[in-house]
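Heads up, there are several structures right after this.
After this come two complexes, each holding chain A, first together with chain B and then together with chain C.
The block that comes next holds the complex of A and B.
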């Protein structure tokens, strides 16, 4: 509680004592620059939550800089099945996170800088923040053609997107965060942000695909560190504070009481997948079984990431109807998740008649259904 | 403490809601004015900054207030409603989240300004909502003021602002309604409490500290929901201050109130399927057989094999040996006894194996060798137990702990695999399992199961057979225990316990015992495996 007090009332003084910062001497009351030492998306998102919930920002602004290991981050009201290729992500161990702000889907890796501008709700002003970033980049490389658009994107050379924006407004605090592509893996980005799932009908916020480019490609001498420093310098200049960046550890419960709970919440299946707005999958595909082509129609209603209702139409008598309805019945209420479906299907097979043909048909059907997930 | 007088006027003209504003002071109660009110607007907010708002009402009905969507900033006039956190009939407190709206990449959480019950949602999901227009109708709460008849009771007031102000002895005391309630329940004068929150606001902890000082006891925190932002757990209250001196601490025995609620949810997905399978499993008459295995030699062998394994890029645990031994054991039994005994099917399913646990791999290996001798353990019976199928392949399953729960992928055809083959296959399955990529092919077709529950803990277990298999083995943890050797000397032995369960309809104790002995001999003397390896 003491720490929280200090954070709220005399942020700078006590804060400076707690963190072994790089010469933290911010004198004025009006600004603070913090940078995360963690590259875990969930921990960093939790910092945003924590600041949003715990800090009073009446007369104070905070800039938070962070980078993550390979992750896809979807907006608050988006549908991951619609936005990204979950299969490739599982194979390549790329995490999926849902942030609390709105907007579209982005790919993060260590070559991408995230900037979060915290202000009070009254002082929420996205364009100003973006102009700050543009000024910083121009100060660094005057020859860069970087400008902000009406959609709050930053474009390089007029047509390449280097930054996307999202925002979250609470009762008294608001934050605007944006990405900045310095040296990210563009090819992985484009393959991972393309959804292979067909037949999805959803009201979730869609993403607008755009051509992207890295700043590094314009000038290979730029690194993330240089860019972050330039932005911090411009922020400091704007808010008339010392240009000093405080390093923070998002796992430190003594500095951020309650943050580990926030981190955990962001990692739960119920948050990442369960918060997907209601949607349906209606598609038909062909299965190949013993040199014959079979048409399967699938109609799945998904709510809170779980299968609310499911209907599988198979060629008549290919599989005993009882087994098909057993599959439908068990899928209802189950998570829309391939490993869950595989576990479910193989467990059900244990109490079915032991017949090789039946088993191989069942496995084929289940594997096919799993490709939707 | 300022005398709190709640003036109520029960005048409620037809269709009109009347609000009575008050200012509290220690000297007088000033009656500001009644205001005709059906919708709050901004001017009212500023005005009431200094005032407390009372809702007048009859006992049965509250007053419906239309909560308008307030300004979002940046000149935004319309938003899309994305998620409702409440539904009609829910009760809400001030600052509870009502809904989530989105406008042009900005997600906004709308919180309630009032305590009350939601009576109407003006928009459905994905509809456009307009700033300045009503969002929800809230029936303001009179239920909380149960003792509304008494004048001295302080009604939980509804305020436009974050906290209500109280003019006491000339200075304002800031406290949220919840804190005021707590103070009131304990007959505490807010003016006597030192506030430690922002602007000297009185927090819940301050009330508790104050109480503790009075009574010298640590009180349990109030279970009621708090409006204040989450704070760390209250520190232990310091012992009574010096001035208390000779006073005797009388602990107040407050009834411990537990506000937790039961949570019921449906059994779905994988668990639902397991319910069916386990119900069928317990139809099988199980019998158990347990034994102790001395793994000293195997432990040593594994150490010696470590560099070889590393060179091949394979992590070798004990499990491949357990598995292979099982497989070998099944075969030899047939030959040994000439006639075909009821096939014992050992479903060896490698159970939970942590990374690098060689014991599992050894277990798998030994199991397969065992199955060669006693094929009945690798069989399957039909539903009515009228026919037995001896499975040619030893697909030994290993129980694995994943996000879904305990699933059992199997290593196919152990009878033709070497220990390293088994080890690398286990590695593959484990990688897939931890990233949620196991497919139906890996999860079906098992004929025997091994469960290495010992990696988590335990010695003896009573495993349940996974249909359509007929046997299962559970391996306990490896413990270092004193044992006697041939010369009668005590030595350090690496002891592991195994617990077998088998289908007593087709497997008898003797068969299981012999299988287990053979399996044990393979593991206690790993060199013997070489003799029978195919």
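The block that comes next holds the complex of A and C.
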């Protein structure tokens, strides 16, 4: 039976966890199960950071369960331009987050469950955690064909990925987190996890595309709640603790002192985009202007998410060379960001001759360059 | 401040003094003369055999510059390194500060500075060849070079024998 405890009934989490079995209604001698009430990716990632930085887990483990509103989450050393379709994401208000663990890019929505297994560094064991999840699923639906691979994926029916894994090893604490597709929007997943950007050369860690499936497609009676409950039950059984889940509010500073600062940091442009490893974009565009096809060559170097150097090659005399080099000069140092580029472009337009033809060529060029971002 | 200036002098002098044990030319420094330099703390800042931290980083100091990497035990435990995230040159680090991360098939693992100092160089070969950390963790797979601001911190680190014993104890 699941007893969902409101945190009001427990001592402050960080004290309770440091003093064995103090103050909790369920005995948490060697394990604790927490579930976030928030669906905000940044708040939930901040919980992971907080536990990683503040807890000592020598003799206890923690399972953290969380779900998010539509978000794409990239790995620590990945390149968002290489991994996802930022344009669609902006249109559909899908957030972008960079996590601190390694691994590849995933799509989250409320039909996806995230599980984080916190242990001491010594007790870090991804396969054991995944076997736990498999046992939980098989206890729910014995007919399911679910297994863990060497890459720490979970496959359904031998070839559909339902879970991906990533991990972080810190000073004394380690965490292994994984996704679990229950009833996520697969159509949206495929479209946002496909990058439209060409010509990117980068040494960022790449993702491995895979065929995916939801558990719901195998059995429509399964919901996220049922699955989370089964996993919590299996975790409780393994750790010989009570099957009770503590609800946590990641915005509560009294329970997680300092967490709001961590949340803020995860939302900054400098973290999400600025941490992208150095890369270059070298590509050719075809612009259509008055029924003629024009070739534009672009060569951009990007460091910390900002344009370090850029070169735009246009057909001779299509635009006054001075204008083109003004654009290149102003782009240098600015963020690789369409709204920043648009602002820059309109500012430059104001200082150039008021000529309709020139303006329309300029707008076309800038729009073309913005499609890179 | 003066100490730092002296160190820079020492660094630029060292290549010209074939035997590092010689005292500094008196015209150039206000540091009290004492020979041999080996017996002073300054000898540690000029040169130190490889020392290890309990987080499995190593540092060896030559001409006042420390080269930092991870130990063989660490690279084996990590598995194949796929990405090295290193700091910018000029970054100031305190002992035990996080200075970067290595991503491997196993996880993203943080790197901790063995000493207090400033980053002077990073191993750019690792950008295209992160596997060097596995193949040659003590030579070509070095991570950063840094100044040694507090040479006494070296005494807090383990020498090779002590580190071997340490690994054995944690493996049990």
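Definition applied: the second predicted complex is superposed on the first by the 348 of 373 C-alpha atoms of A that agree within 3 Å, B and C clash if a C-alpha of one lies under 4 Å from a C-alpha of the other, contacts with A are read in each partner's own complex, and residues count from 1 in each chain.
Here, a contact is a pair of C-beta atoms (placed from the backbone, for glycine too) under 8 Å apart; a residue touches a chain by one contact, two chains touch by 3 or more.
Here the structure is a predicted model, which means the values were calculated and not measured.
Participant: In the superposed model built on chain A, check whether chain B and chain C fit or clash.
Facilitator: Aligned on chain A, chain C clashes with chain B.
Participant: Please indicate which partner A:190 is in contact with in the superposed arrangement: first for chain B, second for chain C, both, or neither.
Facilitator: neither
Participant: Would you sort A:76 into first (chain B), second (chain C), both or neither based on which partner it touches?
Facilitator: So A:76 meets both chain B and chain C here.
Participant: First (chain B), second (chain C), both or neither: which does A:371 touch?
Facilitator: neither
Participant: By the touch definition at the top of the document, which applies to A:30: first (chain B), second (chain C), both, or neither?
Facilitator: Neither: A:30 stays clear of chain B and chain C.
Participant: Looking at the overlay, what does A:169 touch: chain B (first), chain C (second), both, or neither?
Facilitator: After superposition on chain A, A:169 lies in contact with both partners, chain B and chain C.
Participant: Report for A:355: first if it touches chain B alone, second if chain C alone, otherwise both or neither.
Facilitator: Touch status of A:355: no partner.
Participant: Among the partners chain B and chain C, which is in contact with a greater number of residues of chain A?
Facilitator: B
Participant: Of the partners chain B and chain C, which touch A:268 in the superposed model: first, second, both, neither?
Facilitator: neither
Participant: Thinking only about the overlay and not a real complex, which stretch of chain B clashes with chain C: 109-117, 361-369, 469-477 or 505-513?
Facilitator: It is 109-117; the other listed stretches have no clashes.
Participant: Please identify the positions on chain A that touch both chain B and chain C, taking each partner from its own complex.
Facilitator: On chain A, the residues that contact chain B in one structure and chain C in the other are 75-77, 100-102, 124, 166-171, 174, 176, 203, 205, 277.
Participant: Where on chain B is chain A touching in the complex?
Facilitator: It is residues 72-74, 82-83, 95, 100, 102-109, 111, 125-126, 162, 196, 198, 205, 229-232, 234-235, 266, 268-270, 272-274, 276-277, 280, 380, 382-383, 389, 402-405, 407, 435-441, 443-445, 466-468 of chain B that touch chain A.
Participant: In the complex, go through chain C and note every residue touching chain A.
Facilitator: Contacts found on chain C: 55, 82-83, 85, 101, 103-104, 106-110, 112, 127-128.
Participant: Can you tell me which positions in chain A touch chain C when the two form their complex?
Facilitator: Listed in rising order, the residues are 75-77, 100-102, 124, 166-171, 174, 176, 203-205, 277-278.
Participant: Under the stated contact criterion, what part of chain A meets chain B in this complex?
Facilitator: Residues 1, 4-5, 8-9, 53-54, 56, 75-77, 90-91, 93, 100-104, 121-122, 124-126, 151-152, 165-172, 174, 176, 203, 205, 257-258, 269, 275, 277, 306, 330-335, 337-340, 342-351, 353-354, 359, 362-363, 366-367, 370 of chain A touch chain B in their complex.
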